[in-house]
Structure formats: C-alpha cells, structure tokens
Amino acid sequence: MGNIRTDLALEARELYQQQNRGHIPGVKVDEEEVEGVKISRVHIISPLGEESLGKPQGNYITLEAPDIKNRDPEFQETLSKLLAQEIGKLVSLNKKSVTLVVGLGNWNITPDSLGPKVVDRLLVTRHILEYMPDQVDDRLRPVCAVAPGVLGITGIETGEIIKGIVEKIRPDLVIAIDALASRRTDRIGVTIQIADTGISPGSGIGNKRMGLNKETLGVPTIAIGVPTVVYAYTIGRDSLQMLIDQFADQTSPGSQFYQMLKQMDEAQLDALVHQVVTQELGDLVVTPKEIDLLIGYVADVLADGLNLALHENMTIEDIKHFIN
Amino acid sequence: MGNIRTDLALEARELYQQQNRGHIPGVKVDEEEVEGVKISRVHIISPLGEESLGKPQGNYITLEAPDIKNRDPEFQETLSKLLAQEIGKLVSLNKKSVTLVVGLGNWNITPDSLGPKVVDRLLVTRHILEYMPDQVDDRLRPVCAVAPGVLGITGIETGEIIKGIVEKIRPDLVIAIDALASRRTDRIGVTIQIADTGISPGSGIGNKRMGLNKETLGVPTIAIGVPTVVYAYTIGRDSLQMLIDQFADQTSPGSQFYQMLKQMDEAQLDALVHQVVTQELGDLVVTPKEIDLLIGYVADVLADGLNLALHENMTIEDIKHFIN
Amino acid sequence: MGNIRTDLALEARELYQQQNRGHIPGVKVDEEEVEGVKISRVHIISPLGEESLGKPQGNYITLEAPDIKNRDPEFQETLSKLLAQEIGKLVSLNKKSVTLVVGLGNWNITPDSLGPKVVDRLLVTRHILEYMPDQVDDRLRPVCAVAPGVLGITGIETGEIIKGIVEKIRPDLVIAIDALASRRTDRIGVTIQIADTGISPGSGIGNKRMGLNKETLGVPTIAIGVPTVVYAYTIGRDSLQMLIDQFADQTSPGSQFYQMLKQMDEAQLDALVHQVVTQELGDLVVTPKEIDLLIGYVADVLADGLNLALHENMTIEDIKHFIN
Amino acid sequence: MGNIRTDLALEARELYQQQNRGHIPGVKVDEEEVEGVKISRVHIISPLGEESLGKPQGNYITLEAPDIKNRDPEFQETLSKLLAQEIGKLVSLNKKSVTLVVGLGNWNITPDSLGPKVVDRLLVTRHILEYMPDQVDDRLRPVCAVAPGVLGITGIETGEIIKGIVEKIRPDLVIAIDALASRRTDRIGVTIQIADTGISPGSGIGNKRMGLNKETLGVPTIAIGVPTVVYAYTIGRDSLQMLIDQFADQTSPGSQFYQMLKQMDEAQLDALVHQVVTQELGDLVVTPKEIDLLIGYVADVLADGLNLALHENMTIEDIKHFIN
C-alpha cells in the first residue's frame, strides 16, 4: 500500500483491489444496503488477509450514510439503530456485564474531539447500579466512560491510562471511540467503522504508541471510528488519478501519456506524486470547514447507537428520559 | 463543629476559637503577611488537634489575597511565586522526580471546573523527557496531568481512576487541585489552601467517596484548593450571627433576646437556624455571579504557581516559551 | 419597596402585600394552575398601580414551574407550549409580521448568558423568506435574532445597537430575552416572566442605561425574563425574617424581641438588616452552583416556546426538522 | 482569473503574472522583509489595475510570517507591532476619533470564528471615555467592537446590522476582521492582509451579499483578513500544475503530454481540471486539522496589533493591564 494512509479497512480493500483486481486471499466481504445505509462487512480471516490489507485479523463493519449530511432527525435515528444492531452482532453482554467506553482524542482540536464528545452524551450508569442497585430500571446495564486526553495534554500514553483504569475496574468490554483519517474527502463524517480488533498503535488522528485491544487490555475491545480528516496529499494524488483516468478514453496525444502512467504500478505513481505533491503540501492534514457541525451530529449518532446497544430494550426516547 | 461545612482548615480553626476561645490543643499556627498576601500555616500535630479541627494531621497553608480581584498582572505573578514557594516547602523533588497533577472536578459545572482548567494550562513534560531526553532543557522536570472527571460523568470513583493511573506510572508526587466550599463569601476566589494531607473523602464540591492521600495512593499527595462556593445556609446563618452581635451593645429590649441567644452554644444556634433557614434554602450551594472570570484568573495563578514549583529556576516568561 | 431589588412584578406585588395587606390600587391579578404550572397575571392598569409596584403600566405574566428541575422532557414540552400560548395572548402576528428576537446578556458570564443561548436555538427564517420565498413552508413566519453583547464587551449601549438594527430592518415586533434578579433563591431557573412593557433601564443582570420598549424602539416590545441570580443580601434578609416569624408562636423570651421587630415596618427592618448584613455581603450577587445546567434547560424551554409562538401550527418535532 | 477563488490581492497578482508575465498595468507593488516578516504592498491605482486583479482600487498590504507557527511569544509580539505600524500607515486618528471594530464570521464554525475571537480580546474603551472621561488614561482612544454573527444565525444581512450601528454611533473609522480563503494551504494562518478598500460582497468565508466599505457605510473602512481555508479544488489543481511543471525538464514520453498541456492556457487547464476534479471534491472547503490552535494565536496577534494601533504610545504590557 506504499505510503497511502487510511484507517478504514474498506479503503484498504479498495486500494488492494485497484492494484490487484479480483479476490483478496484471506478476506471475506459481504455488503448490503438497509434504509439508505450501505453496510460493508470485511472479515480478515487469515494472516494472508492481514498482510494484504495491512490490518489485523478480525471483523470490520462499515456503515456509509451520505444522507446524514441532510441532518434529518429521523434518518439520524435510523442510523443509530443500525449502528446499535451491528455493535450487537460483535459483542455479547449479559445483565451484569460492565462496559467501559473510552473517548479517545483531543477536546481542544475540533476534528479530534469526537471521542470526548460521545462520552459527554452517554448514559453512564455503573455508579448508580453499584450504589443503588434496587432503585434502577432493570433495562439498564452498567456503563462507565472516560475521555483520557492525549499524550500532549497529559504527558502519559493514553494506553497506560486506560490500562490502569481497566485493571482497577475490570470491565467485561471496552469500546474505544476515535476520529480517523480516510483517503477520500467524501467519507468524512458520513462513514462509521466498527472493528472487533480494537485500536492499533499509530491509527487515528493522534499519535498512539500503544494499541488498545484484547492483547494489551486483557478484555474484548471494540473500536468505533469515523473519518474526520484526510491527508491533503491524498487530495492531490486522487486528482492526478482522476486526470489520468480521464485520458483513458481518448486517442489524443494524452493517450500516450496515459499508457505510460497506466503502466506504472501504484507504488511508482505514488513515488512520483509524492515527489511532486509533498513539496508543497507536506504532511498537511485537512478537515472540512464545517467540521464543528459534523462532529456534533456524528457524536449524537454514535452516542445514541451506543446507548441503544449497551442497555436493553430501550428506545431513544427512553434514553432521553434517563439522561436528563 | 455541628453541621457547619467548610473545607478550609483556617475556617475550622476560626470556628473552634469562636466557640472555645483560646489555644487549640494539638494545633500550631503561624501567620505572616508578604507583599499584600496573608499567609497562615495551621499545623495539626496530634490526634487531639485532629479531633478539634475535624481535619487529618498535617500542614495546611492558606494564602489570602483579596487584591487578586483587581486582576493586576503583576500582583497575580507575585501570588504565583508565593504559591510556588509554599509548595516548595512541603515537597522535595529531585531532577528525576515525576509529579502527577490531578485536576479534580466537573468541567461542565463552572464553579467545579477549576481543577480541569489548571491542568489545561500546565507545562506537561513527562512524555518529552521520556521520548526525547536529550533535546530537553535541563530545567524541566517530568510533569504529567489528568482531569479524570466526576462520578456522574464517568460512572467510576475518581479515586479508582487516579489509583489505576498511579499504579501504572508510579509518580513520586501527586498534586490534586480541587474547588472547595467555604463558610464566607468573601473568601471565594481569593484564598488558596495547600495541604500535605491530600484530599479527604467528601471534601470539595463533588461527592468524593474515596480520599486521595498517601494511604490510598501510596505516594505523597498534596492538595491545593480554592473556595468557589458557599452554602446558602451559611449566608443565612452568618447574617443572624451578625444581627445577634449587633444587639450586644444595646440596652434595648433586644438585649434580653441577645442574652438568650448568647447563652445558646453554637450547636443550639445551629439547630435553631437549621430549622428556620433550611426550610427555604435547603442545601442550596451558591457561587458569585462572576464565577467564570474568577475561575479564569485563579486557574492562571495556580497553573503558574505549579509550573514555577515543579520545574527548576524558571520564570513565568520562560514557562510561556515552553507552553506556546 | 426600600432597597429591595427584584425584576419580577410577582415579587413586587408580594412585597407590597406583605407591607400593606389587602388590595393594591390600580393592579388586577388573576392566577390559575395548568398542568403543574402556576400562571399569575399581574395587570398594572393605572399610574397608581405603577407607583405601588414600581413597574411600568402593562401586563406581566409569570409561569412558575418548580418541576422543571426534574428535567423531564415531556414536562419541558408542556411548559414550552404554555409559554407559547401566553406569548400568543400578548401579540398578534400575521403571515408577514417580522419578529426580531434580542438575546440580551453576556455570553462569558454563565448566569447572564441566557439571552444569547436562546438566540442560538431559535428557528431563524427571515433571510430564507426574503431570498427564497417560494421554497419555504408556509407555516413559517419571518423571524430574525441578535445577541448584541453587553456594554463592557462592545463599548456601545445595547439599546443603541438594537435601535440601529430596528431602524434598519423595521420589524413588527421585538422580543427581548434577559436574565433577571429575584428575591428568592427558589425562583431561580423555574420562573418565567413575560411582560408587554419591554425592558426598563437598569433591570436584569447587566447595567442597562436605556430601556428597550415601544417608546425607545417605536415597535411593540415583549420582554421575557428568567431569574438566574439573587442578591446575597436577600438571603440574609429572608433568613432573619423567617427567624422572626418563627418566634411569633412562642411565649418564650424571644416573643418580646419578636414584638419589637414586628412593630418595625419593612423600611426599618431593611435599614437594620442592611446595616448588619451588607457589612459582609456587600452587593454580592449569587447564583446556584448548578447554573450551567439550569441555563441549558431554561434556554431550551424559551427557544421551543418562541419557536412555537412565532411560527404557525408547528409542533416541536416540526421545528426540529427545520432547525437541523 | 477563471474560477480561481482567492481573497488575497497578493495571490490575484501572482496568478496574473503566471498567466501574463511582466508588469501589471495600473498596479504598483513594493516588497520588503522586516524581522523575518515579508511585507508586500499592492497598490491598485487605476480601473485597469482593478480589472486585471479583480479587486477594487486601493491599497493592499500583506504580511507573511511563516515563523508564527513556532508560536514564539517574542516573534508574535514583533508581528503585532509590524501589523500596528502598517495599520497606522492607512489610517489617521486623532484623540477623539472613534473606531468601530467589526468581527465578522460565525463563532460556531472554528475556521470562521476569527473575527469574533479578535473582538473578544480587544481593549474596548468607548463607554469608559463617554461616561467617565476624567478617570481615563489619556493614551486611550475610544474603541468599540461588535461581532454581528452571520446571516444563517441572525436572519439579517451583516451589512444591515453594521450599517444600523454605524448610523447610530457615527464612528470615524470602521475596521472589519474576517477569515479568508486563499489558494495555497501554506498561507493559512500565517498571512495577514490589510486593505483600505473594506470588504467586498462575496469575499471571505461567509456569504456576504453586501459590502462593508466607504460607499456602503459612509465611513473609511479598513479590512483585515487572514486565510483560514482553501478550496479542496485548488489543492487538486495545484498538484496537477506541479506534475505538469515536473515534466518540463524531461524528454521522456511525458514531454509530449507536457507540450500539449503547456499549450493550453490557464482557462483551458482550469476547465479540464474543473471537469475532472470537481466530480469528487465539489466545492469542498478545507482547513488544517490544527485550526483551533491557529485561530487562537492569529486572534492574539490581530488583537494585540489593533490594540497597539488604536491607542497611543502603548506597549503590549500596558494593554494587558487595561484588559485585565
């Protein structure tokens, strides 16, 4: 995959197929469309698949919902319910199972503030169930949540903080929320990835040196991420790709150029583009101008989805009663 | 002390003296005034002193600086330096000593947001010293910082979170910042208490069930607190006390009333006032209208004071260079 | 009324009656209770009434809803609807009537930020109706809104700013939202006053030098206010009053004191209390510790109520669709 | 200039020169470098110059200071002083001259919040000089400031609001602060443009339908702008341009392609790129991930610069005393 950076298994798969055509060994994929939301499930089932996509073995579910931009409250609710369903397929909770939700990211950097904002809107219940177990609605399960901050704010690896808390409170499940980088600007704020592999070191917007997953935490760990930034570099690169593809139809002088470029493999093209584009753009990471709005409604969808998934037989209306 | 609630050893001592006159057994006090700041040091040196003041054995230093309200930058700097000096008297750090600063409180509740705001303004260095030890100015010592949130936000006892982190990163010193309740409105935002006893369960604005101190954390723990609220009840109570005292001079009919009230001990007066006042005021806790401004400048003073105390031979100007 | 400060006509009337018993000349009052909300309507109908209550002639409607503290979403909706109904009784709008909502107050001072927060949550439509009149749902009426800031932020009298805007856009109605001071802590955040007299100079939390009303703006002006602060002084004063009342039943020594105090009229008592209490409390204005939460839900209720009142045949669900 | 969008006269000139080589009729340019800051002054002195650059006649001064990203407090101060000097060259104020600073933009959209943030940090004095003229330091001149919001928030054209206020308070000078769009990502947050032509309709990040300038306001109007966004489209376009330029040296097959592309004029290339690139990127506007930090320090520089320019013989230290 050269130096193409993406946190989405979906895009890793797209890139692989662009370069290799055909079937990816060790990877199973299924897709469906439900109520305007495209759900893709990428299952990496062998070390070969792991290597092909550059992601650890496990299940990656992606919900793509471009219509979320219309900010229709009913569609938002639909999406939250689908999210809750897909989370439900990856975890099994009983009445007593304690879930720790971890909102990763930096609350002072708008595109990196998704995790903390989700934590802010969660229905947190572990303390109530612990101290007043008899007074609590029996649809509630114990949920707790932290937004640990980032290394530059705390001086402590986020992984160390979470591990310290996990060892103290021994949850049955960890769910980590993170803002991601994608390759395509049109995925920003409209794509949700759920992965039962947890968080890999170096993924997401911040500079994580330590992963958050079953190996490091000793507890099943789900990661939920939404792309909020792209590398400016990929915008440049994709523009070139589109221009090249444009010439494919033509018999004009460009076609010779096209043939030449077409013969270059991805790695060569990358090297060329890299040389050209990074002169100016460097490692600039960009986000849409409307990022504040987008983080706001995505945080709502994720929090609603988690609230539905982590408690039992609740509607969003019910949740509102408890949260207020 | 009846049901009088104060987090300040200074006020506990005042109350004791009001009721008992004279010397307090097991307690040593010294006071001085430096550059417009009144510094009181209450040393509780025996179990008897502990019982008299209702505070654990240890050293409590209070800086009273009413002039901080003028928001003169120079006075603010003076106060930060005095704070740094007093912190320096309670701790001994060497070059490698790691300090963990804990900003207690709820960032969504303005009068309880002091701790998180101080953490936000600290010069955090532990990660730099760990990952790039050679590139770092040798006046810097390793400092890390967290704002763990409160039970209602996280569903986890703050003490559990901090203990988990402490066990993971093994700091040499913990400094916990908290917003306090005082008895007198004129202490709000102008009084800083430093105590080497750490934080007791139930103190401060939040509902802490677990203390943060050497016993619970296994590490020396300093608490720094500033009153940001008073119980409305104490405003009512103090008004009555003042009215009663007012009648002391008079020979009018009130004097008989005064004699009666004067004979009541504090506990009786409390009971009477409690009965009367709490009907309306209940457990209402109030804060000045200007609390946002006040939290802002107090957080600046505490952060500057900590930055000066925790690093070596730094000026506030130096610190600004590093923070920016 | 001595130096008792209140922005509520309801409290001005209570005070008058406490001091004068019986009927107030020039003032008509009716009260009802609807779905847990006490609605009081004070009509000041003559200059005599104006003088008695210290408020300009006009209609003052107060909704008292202590249950709002439970933050039940359904009750909040009920309250918004009642508010919309009461606003509807004071104004008459046709399809083309332009309303300008003015959110008074300082967004940097939490208890004074109610007005700006309401403006933030309004369904603003004037620009859409002006530029794309054909594409707009015909239940929408033209609404515009400003939060002009306060004198200390802008250096300009708020009244000048509003008058400048009013002369430019010529609305048919101005509605000004403001945070108020009340006499009783238990009214904070649970009482809404609607007045067709607009805003008087010096009322509310800020220091207004100029009124906002039909005389100054040339347009009918409704004021909607919610108490968010009390003078600490009134807490002290009310505590004394309660203690005095407490002794009324007794035959103990206190009764003599009580007789004496009872003979003092309000003005004398005020003078006495003033002398005693203001020594410490000065002109301290306080607000409950939970002011951030309280401003949040009151702003929701006011914005919903205004959205329902200013557009036609809308439900709160409909409004949400338009706002998102 | 085709569909290339830039708010900087500097970039309009660069584009013109790229396309036309040589001297621009009706435009005078001088440049200097002072203490690491590149200062360019573009003077559009005739209608011909106006047409060539697509900007109204007048003076455009640009300060380019890439080093501001290091956030060195001393360099920030240097930049503020240079800004104050350049402002001083465009305006002449006497002791009584009233300046109205207008912070344009939307405080809810981080990259558009520059104007309101600058207003927040200004030393506002008009009210003090009006109400207490004798108690005021005679270096202070009357400054007032508003952040009027944007059309989508208020329902009122920003120009109407400002005109209403200007007619009411009759300032001698208006200074409007705005966030701009540039063509190059490396100008974001490091370039300041000062123009004595005011604000043109449609410039800046928001959708302004009305200009703010001497014609519309009747008062000399200075605009100060800083680019905070770029069109994603220009990133794609510039990447292509760089790739094309890259082939210029080569004799490989690409050279034929290069020759072809080189023959296309800017307009044709634009049309081609537009067709290709806008398929995906549409009118996406992007901003760097670190936009929150960047807005913070740019607002500090602008506010300091304005405070120095608008008052007399002040240092930044002096200003801090007055602001606190």
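Just so it is clear, A, B, C and D label the chains in written order, and each chain counts residues from 1 on its own.
Rule of thumb we're sticking to: a contact is a pair of C-beta atoms (placed from the backbone, for glycine too) under 8 Å apart; a residue touches a chain by one contact, two chains touch by 3 or more.
These figures come from a predicted structure and were not determined experimentally.
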Distance-maximising chain from chain D - centres being C-alpha averages | B
Could you tell me which pair, C-D or A-C, is linked by more C-beta pairs in contact?
-> C-D
Distance between the centres, which are taken as Cα means, of chain D and chain C, whole angstrom | 42
Would you mind pulling out the distance in Å between where the CA atoms of chain A average out and where those of chain D do?
-> 36
For the pair chain A and chain C, the C-alpha centroid-to-centroid distance in angstrom is 46
Show which residues of chain A lie in contact with chain C when the two form their complex.
-> 71-73, 297, 317, 320-321, 324
Provide the residue numbers of chain B that touch chain C in the complex, in ascending order.
-> 108-112, 184-186, 205, 229, 232, 235-240, 242-243, 246, 252-254, 256-257, 260, 272-273, 275-277, 279-281, 284-293
Which bits of chain B are touching chain A when the two form their complex?
-> 108, 119-120, 124-128, 142-149, 151-157, 160-161, 163-169
